[in-house]
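One structure is given below, encoded as structure tokens.
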């Protein structure tokens, strides 16, 4: 039973990896198991999240279930 | 001793030719020798004239000399 | 060569020209371009553009110089056909290379608007067996007024 | 096919794409296009764009649909690279075919402005031996505000 966190842009550098498999459960509890620097970076206001490819308007109350993919999206700088 | 009149755009249809060699002399006298329909079309306000490749701001007092080329330019419709 | 202005009486090859222009300006961040072609509709069988040698190309060159003065461009390409064309043929190709996207777009659009309404070309169309001279369109004057 | 939207991890061939697009839209009076490429200056040795599969291409498609709704277009081409690129490589190619010149220019510029500031790409540059993530530019937000 695991979920996957995906880190885009500079968050990948902070995490040292582009994705990380984590235990399921409430997001807050998952974040608490991470390196504090990474957890702080992921919680920045400008970072948006997408659960299984769908953007979330806010991230309160997220509970990761088996097979979920949660992506952390910092401000874009494309094109 | 002759000068050349050049007719652009629809003026070519009115003249039945794209250019016409004429006697030298004051433009008014030259125009009087042309078919009246053509003379009227050439004198329209929107028709500009270029003498030897230089646009004239007005056409009062033009006197054609040997080898001159006077072009009659109706409104453009390019591109 | 920042300015490449040509009046062609033979077919324009837009893809080859755009390729060469991009190759010539590798340092530019962007290239905006416009290709105008003879429409394949409305029963127009052919189109003819006439120009006046002493005025037309010099006028195009002066227009290109205005655009180069007004925007910060790495290069500007202006190619216009004269002569007889058929549906699908290219009439005009304009391309502007610039460091900044906005400059490239504005310069290309400025050149097109002025070519359409102020350059020394006269156009006639062949439809239903007859040639008809085209008068300037009101829209063309509105387009050009934006730049004043 | 009026809408052709692609996310490529291999090099874009702009000339071939522009040629094919013009061939596909012979009835259009004009085609406005924009080619963005990696600049050959400022010591940038390479550039990398990352995308997020579930969001990036769907977002580009939604953007193309917005442009097709807003302007009267015969066709719209949007190709964006992802992955590692080097100076001179094409990053993005947008082309809009329309009956009216103004529509083609506006649609191409609208798509470019939104790709730059709202599409799901993250960019980093290699310079002086190190990679550096690029933050969004103030200018990009100003550009997009024009369309509201």
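All chains are identified by letter, namely A, B, C and D, in their written order; residue positions are counted from 1 within each chain.
The working rule: contacts are C-beta pairs under 8 Å (C-beta built on N, C-alpha and C of every residue); 3 or more make two chains touch, one makes a residue touch a chain.
In this text, all values refer to a predicted model and were calculated from it rather than measured experimentally.
Listed by label, the chains that touch subunit B and also subunit C number zero.
Rounded to a whole number, the gap between the C-alpha centres of subunit A and subunit B is 77 angstrom. Centre-to-centre, using mean CA coordinates, subunit A is 50 Å away from subunit C. Note: centroid distance subunit A to subunit D, computed from Cα atoms, is 28 Å. Looking at subunit D, residues 36, 112, 116 sit in touch with two or more other chains. Touching two or more other chains at once is no residue of subunit A.
By the document's touch criterion, interfaces exist between A-D, B-C, C-D. Interface of subunit A with subunit D (complex): residues 6, 8-10, 12-13, 50, 52-53, 55, 69, 71, 73-79. Note for the complex: subunit D touches subunit A at residues 36, 49-50, 52-55, 80, 91-92, 112, 115-124, 133-137. Note for the complex: subunit C touches subunit D at residues 14-16, 18-19, 22, 26-37, 39-41, 87-88, 99, 101-102, 104-105, 108-109, 112, 116, 143.
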